[in-house]
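Every chain is named by a letter (A, B, C, D, E, F, G and H) in the order it is written, and numbering of its residues begins at 1.
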Amino acid sequence: MNIESLNKLLHSVASGNLSVKKAAEKLKHISFEDITYAHIDHNRSLRKGFPEVIFGQGKTSDQIIGILGKMISQENIILITRINRHNADKVISHFPEVEYCEDANMVVWRKHEIPIHGKGTIVVISAGTSDIPVAREAYLTAKYMGNKVESIFDVGVAGIHRLFHHKKLINKASVLVVVAGMEGALPSVIAGMVNSPVIAVPTSIGYGVNFGGLTALFAMLNSCSSNIAVVNIDNGFGAGYMASAINRV
Amino acid sequence: MNIESLNKLLHSVASGNLSVKKAAEKLKHISFEDITYAHIDHNRSLRKGFPEVIFGQGKTSDQIIGILGKMISQENIILITRINRHNADKVISHFPEVEYCEDANMVVWRKHEIPIHGKGTIVVISAGTSDIPVAREAYLTAKYMGNKVESIFDVGVAGIHRLFHHKKLINKASVLVVVAGMEGALPSVIAGMVNSPVIAVPTSIGYGVNFGGLTALFAMLNSCSSNIAVVNIDNGFGAGYMASAINRV
Amino acid sequence: MNIESLNKLLHSVASGNLSVKKAAEKLKHISFEDITYAHIDHNRSLRKGFPEVIFGQGKTSDQIIGILGKMISQENIILITRINRHNADKVISHFPEVEYCEDANMVVWRKHEIPIHGKGTIVVISAGTSDIPVAREAYLTAKYMGNKVESIFDVGVAGIHRLFHHKKLINKASVLVVVAGMEGALPSVIAGMVNSPVIAVPTSIGYGVNFGGLTALFAMLNSCSSNIAVVNIDNGFGAGYMASAINRV
Amino acid sequence: MNIESLNKLLHSVASGNLSVKKAAEKLKHISFEDITYAHIDHNRSLRKGFPEVIFGQGKTSDQIIGILGKMISQENIILITRINRHNADKVISHFPEVEYCEDANMVVWRKHEIPIHGKGTIVVISAGTSDIPVAREAYLTAKYMGNKVESIFDVGVAGIHRLFHHKKLINKASVLVVVAGMEGALPSVIAGMVNSPVIAVPTSIGYGVNFGGLTALFAMLNSCSSNIAVVNIDNGFGAGYMASAINRV
Amino acid sequence: MNIESLNKLLHSVASGNLSVKKAAEKLKHISFEDITYAHIDHNRSLRKGFPEVIFGQGKTSDQIIGILGKMISQENIILITRINRHNADKVISHFPEVEYCEDANMVVWRKHEIPIHGKGTIVVISAGTSDIPVAREAYLTAKYMGNKVESIFDVGVAGIHRLFHHKKLINKASVLVVVAGMEGALPSVIAGMVNSPVIAVPTSIGYGVNFGGLTALFAMLNSCSSNIAVVNIDNGFGAGYMASAINRV
Amino acid sequence: MNIESLNKLLHSVASGNLSVKKAAEKLKHISFEDITYAHIDHNRSLRKGFPEVIFGQGKTSDQIIGILGKMISQENIILITRINRHNADKVISHFPEVEYCEDANMVVWRKHEIPIHGKGTIVVISAGTSDIPVAREAYLTAKYMGNKVESIFDVGVAGIHRLFHHKKLINKASVLVVVAGMEGALPSVIAGMVNSPVIAVPTSIGYGVNFGGLTALFAMLNSCSSNIAVVNIDNGFGAGYMASAINRV
Amino acid sequence: MNIESLNKLLHSVASGNLSVKKAAEKLKHISFEDITYAHIDHNRSLRKGFPEVIFGQGKTSDQIIGILGKMISQENIILITRINRHNADKVISHFPEVEYCEDANMVVWRKHEIPIHGKGTIVVISAGTSDIPVAREAYLTAKYMGNKVESIFDVGVAGIHRLFHHKKLINKASVLVVVAGMEGALPSVIAGMVNSPVIAVPTSIGYGVNFGGLTALFAMLNSCSSNIAVVNIDNGFGAGYMASAINRV
Amino acid sequence: MNIESLNKLLHSVASGNLSVKKAAEKLKHISFEDITYAHIDHNRSLRKGFPEVIFGQGKTSDQIIGILGKMISQENIILITRINRHNADKVISHFPEVEYCEDANMVVWRKHEIPIHGKGTIVVISAGTSDIPVAREAYLTAKYMGNKVESIFDVGVAGIHRLFHHKKLINKASVLVVVAGMEGALPSVIAGMVNSPVIAVPTSIGYGVNFGGLTALFAMLNSCSSNIAVVNIDNGFGAGYMASAINRV
């Protein structure tokens, strides 16, 4: 339950428009709701400013639909991440109002358009064309959390003049999300150019000793620039979430 | 060279108090200065708001002293990290005005007290007593970069009531730095309680399958909370730096 | 052969109801039975209180059926673990009385209901919804080995109030089985709350540097709580078995 | 503070022998005590039946002495693990009544002899002579936690008749702690012989691909016997603690 | 070309039954034959007593058929290992006289029955039912290289009395091949019982931290018995080959 | 844009055959061209003597076709590497003049035949038949970059006389590309025979502890010969490219 | 106790020269002897043809001396491996008749010269000068187990003509022990030349990605030759022992 | 023996100034010389254009002196790499004419100044100050092999303008050796700027997940630039040697 809905409900009680009994019924699950296969954390919106995000991977479509159904009455926005087309279709057949963003494997449900709360612009940059899906996950997450977001794709260090061309946008960013696979060098170079915080996202793109993204991850953790912190491999969602948290400090 | 010194110099030229020739001489190395074993990046203060930090590990005391000597005329503050007592003593014998913070293996040189620029309070938390040196490195870095910083030590998850006792301070933090070794669970628990960004720092404390901090690192990257990003093992400096960058967004 | 059947047989011999020759024939394989592709350990029930469990993975359905056929005459209960639907169907077509528990990939054959031998209640807890199959394997194993078992699912540390809600049940458990993927932090937190032994089960749920469960495993082995021991990744069966052994000490 | 001391204090209040004010003062730190470098968990005795154990590795002797000093007034027994001779000597010079068990790198402080609370006998077995220090750590921990403990050393699988010689003692154990380095095969063999729970402890003894104990650890986690759970490499303390928890179920 | 064929050819030359020109033509490729995608090592039979074995994995059926066609005229026996049913069928359609041993993924072509050259009996033992395919590969290789071979399957250490039952056969072996997955403990136990050389073969059977056989491999290399040497994971062929080489010393 | 086209264009401007406006239009993207999902580095031909190569893996066929379409007007030759038959067919349906080299998973587009620029002969050698696809990728890359290339396949160290047979060709090479899987020993042996530089390419061929080519990679990096440098696993393209760069020094 | 001593003792009983009571006393420990910190396996000489070897690493000098003292009365030869000079000196001061072979870190005690029992010649070969200590350990072990042994040092593959110079000796060997660090290529090349079994010993010599011998180990396990089996890194003792076992088949 | 000495000797024979007998004596070891602990490869100068280099690590000073003594009469230049000051001093006391380059841990013996044979200029670049020792090893090796060499130190990507300042020298290089630790990004950036071959050298500088240089190594192998090949961690010698080989193509 978000703070907005809670306030409205309490005002109704105060004004006598809602009986205490009915209000209590509505608030019964304000902490969490146990539906056997899940303890839905309805308190998260109040506590963290954004509701629980449904991690789609490893859940059945029935479980996803069940959780979504319990949340929809209490929230303004709900994200389902790492959901494949098959499960997304099943969700859509129950909740036709959701939107499937296939380029980021994400389902979005919104009560209304999300207003922008963040202070500055978050800029999402990818080193290669193949890194775009992860970059898009970061982009959409940050956007649906209420931020202004821009993106630049395929500006890896093998032709570094392409990056420098975007220097102006890079310098104006309040937070940067930099997505790269292979040798993962791009975040170091960008962080060396700016004083804003950089969230580095390693991707699993590459082969041989890229080790499914480990090499990029370790390279980013070893960066000789210091305004960098790192999230898990292919974790575009986490990067967008963290960027949004930073953009509200 | 920091922006303050640069402005002063240009004003002197404008007012005729400094000849163009002398100004040019002073600005010769504004980009960088090549002293054979190092290319000192004097431009960093201008570009990033904080001068190059001297990474002490793997450098001889002569190299450290040489670099410090070249920087001191151009900066207000200089940090040397990962410097042992032996090398610190040598530095002190050349520059008696520096201070050695042994609990963080850091040498600090300051022209004057550092004013506070950061918006909120950075809170540094450690899971165990043995993690304190890394937490102190983060604390001092954030402090010398101009932030208000507070700390809580030894509140690991095996007695989680100790953590909850500090809930008020934790909730008021603008950014949190959470330092933990062993299973590295503390950042997940804390990030689940707040909506501020959390910088997680794994430490090498532990034995057996802690793998010198790798287990804590990977646990933190796998956190089921999302407002977390991670730095290298034992990298208190990087965490303090990143927290400071976030605290100015 | 279990102790009950053996006693009955020997009483029949003592009473003259069974000839020595026939008894010898029946006892021929009391140690083990060699059917070329398997040495069935019929002695296990006598030695360990529970018959050999058939590990389904990597065995053909013919091999499973062959082994089950040889055991059925001698035991009260037989479990087949890690068996997929295809092989389970083949087993069912031969032995229609078996039951397939698909949510735990387990086949169960029972001569009669299993009485409860264990002293206290075993509580099985999972951190996430996706960890449920492993938790169910532990649950069923402990149950069919004659224990009272209860379960709580999806109470991970990102919303730790959900866990504390179940404090009463957690405190009354004689043994706890705690199942978690990703950063594997839940067993540490729970073990810090109780003085009962905790069996921690890492799962392969997660992505990137969860390494198919290794990160959770190592985190659990590094727990700062001490009343914890760990089993292999996704080894719900082993956890249930060990919990049952503990529950009879 | 342990339950015994707490009861005594409350009886004094009830009988008027202790003023409420003085009792409150004594109970001030009943939850925990913050001494800057440590949050001492005085509540642990009440919650878990045994006080916090001081993990000596990575702590200075001053820190150890400081923590010990705060605990001594509230507990009957205190253990310091992984403490080297140098630090142990410093502790002894402050608290001459402590005892240093060098073969297990452990310091013990006892108000009085520890009565036996455990139900059965814990048997600690080591595969080789070089594994003895770890086995002794398990032995002493279990003993000081109030259990009857016996031990058998150097009965590895290369001469398996040595193990079978002790079959009687092995079979009577309520819990077994089995300590092995190199290929770590001993716990599998022993667990196959008994129905009691086995806590397996890998040691770092060996060379080459023993990887400091990892090979033994992984072998134990892969055991084809099921009444086994595993603790961290060289973690004799954890094994003894877990065995004690099991011995009280 | 094997020594037998070579002798015959040279006798024909000596007796005038074969012209020097024709003999030279026949001997043209006695060293090797370059067919672009392969340099067939026809010299191997002479040098090593057994012809080149065709490693089927990673080769197209056309390549396998091409190589086999060139070898068939010069050898008495040819083995193709790691060949799947699809490719085996293609080979059979060209060379109907070959035999496909599906339980070992091996194709065999023989000019005539292979006489026994080895001195003693090679005994192949597997720890589990699932290890049988690897054990069969070792069995067939040793047999087709001219040895007397016997086998015992599914005698793992969790029920060690099953192993001791076969003590007589184990003691009479000249060489033992011991195949095991999971914790890989069986070779240590067997090598401790005998003075013959033991070739240990780790298999990829298991899950979690068996790491596709690595744990068994490392356990075997760390064996506390010394009459052991190890081959690659799942390398039944290599074990059978090495056992055969030993059996002729 | 390559140097040849640029010169022609500038001559047309100089001679008045091309207006400045039209020339500017044509040169608009001479640095790079941003087509949202890619920043095509048209400057690469000028800077590096060879245009950007399209890495096919992880790109959709639409993306590949889009990039190719933008490059074709500006280059003489374009390579697409790591492209499967499905995507290659889609490319061919748009650009029927391209050629698909299935044995190397490479698509080639050429305006005209590539003249030979390299100084000497590049020799590509593979250890086994299964390594041929990687060797072919190196061969074709070096050839299409304008070099004379020869190849020798399947001359691994288990029958080292096959290698010595080609000593003459090996000695005359200006650069050698040596491709090997399994133990990766061939580059060491060859580099010990010659004074030319050897580019070693590990392949993923093998099983068990070949770790998908890691063992061959590490063996090559540890070579006791010194005229060796190594590229990523299965990176035939990179080896051919590097060999070509060396052949023009 | 070896078979020779046992026969003598039983003859004395048969002839009445030794009373049954005294004989029983002498045979009391024929199985093993428990001296608390060790279970000495006196049965090993009878069972395996060679007494238990004392693994010196990780044992105190007191433990070594204690074990040696108990064995000396029952054996003809005793080896102590991996013993440093300090401990060796302590052993010598108790048993001046032992010999310390410093180049192999081995102590030897012999009642008399060891006669040669092995059938053929064992040849020990090292790739480099730095591998000699491991090769010497293999050499001495094989020699003291009663074999004719010869050695060739520093014939690595970077100058392969050095190896071929010794072809005659290599071909006459009944068993070969081949010791190599770095890329570990030598065993493959040698095994390709002969039909005798090759025991490959990886050493920890090298740096960077030799990983303390792992690369050589994995290369040897991946050998494209088949008459190879491998022992642990730096395990010269095990190689010599295995070679000796093979030499008696 | 180098080609120059060999020609001189043969001319002496041809002119009758040297008897056949004496010449034969001098040429006795032209292939190699067996001095028990080493097979000195005197043929290497003839075969590879540069004599065997003595790898100092793991050799005793006596062994180094012995080998050097045998080589000095036959060569113009001899390098000893990875030799510490202690051993270098011992070498100097025997051969006072050698020079110890402590910044590269290298000893050099020269008959006369080395003339320049290489075609172009080799440029050695290091990312950081701490990488200088490895860069110096590459520099000296290339120089003593007869090349013109220049160097640039401490131009890492965190302040990339420092690198671009040296663009002219970088572009004129015939071969580049790029040395970097931490994230190892520098070679990718440089290789993207030039068309010359780049030899990348990872160093062990860094901490945490730099894994002693592995992260830099893997990053370099994953470079998105293609004119790169890589040598072992800290292998400055190999990089200098390979660069020299390339500079003579």
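In this text, a contact is a pair of C-beta atoms (placed from the backbone, for glycine too) under 8 Å apart; a residue touches a chain by one contact, two chains touch by 3 or more.
For clarity, every value in this text was computed on a predicted model and none was experimentally measured.
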item	value
E-G, F-H or A-C - pair sharing over half of the B-D contact pairs	A-C
Result of counting contacting C-beta pairs for A-C and E-G, higher pair	E-G
Centroid spacing, where centroids are CA-atom means, of chain C and chain D in whole angstrom	28
For chain G paired with chain H, centre-to-centre distance based on mean C-alpha positions, whole Å	39
Between chain F and chain G, centroid-to-centroid distance (C-alpha), Å	51
Chain centre separation (chain A, chain E; CA means) in Å	55
Contacts with 2+ other chains: residues of chain F	128, 158-159, 193, 208-209, 214, 217, 221-222, 232, 235
Interfacial residue positions of chain F with respect to chain A in the complex	31-32, 36-39, 41, 43-44, 52, 55, 57-59, 63, 67, 82, 202, 204, 212-214, 217, 232-235
Footprint of chain B on chain H - complex, ascending	128-130, 132, 153-155, 158-159, 161-162, 165, 205, 207-209
Touching residues on chain E, where the partner in the complex is chain G	47-50, 53, 119-120, 174-175, 193-197, 199, 217, 221-222, 226-232, 237-239, 241-242, 245-249
Chain C partner contacts - residues on chain B that touch it in the complex	127-128, 156-160, 182-185, 188-189, 191-193, 206, 208-211, 214-225
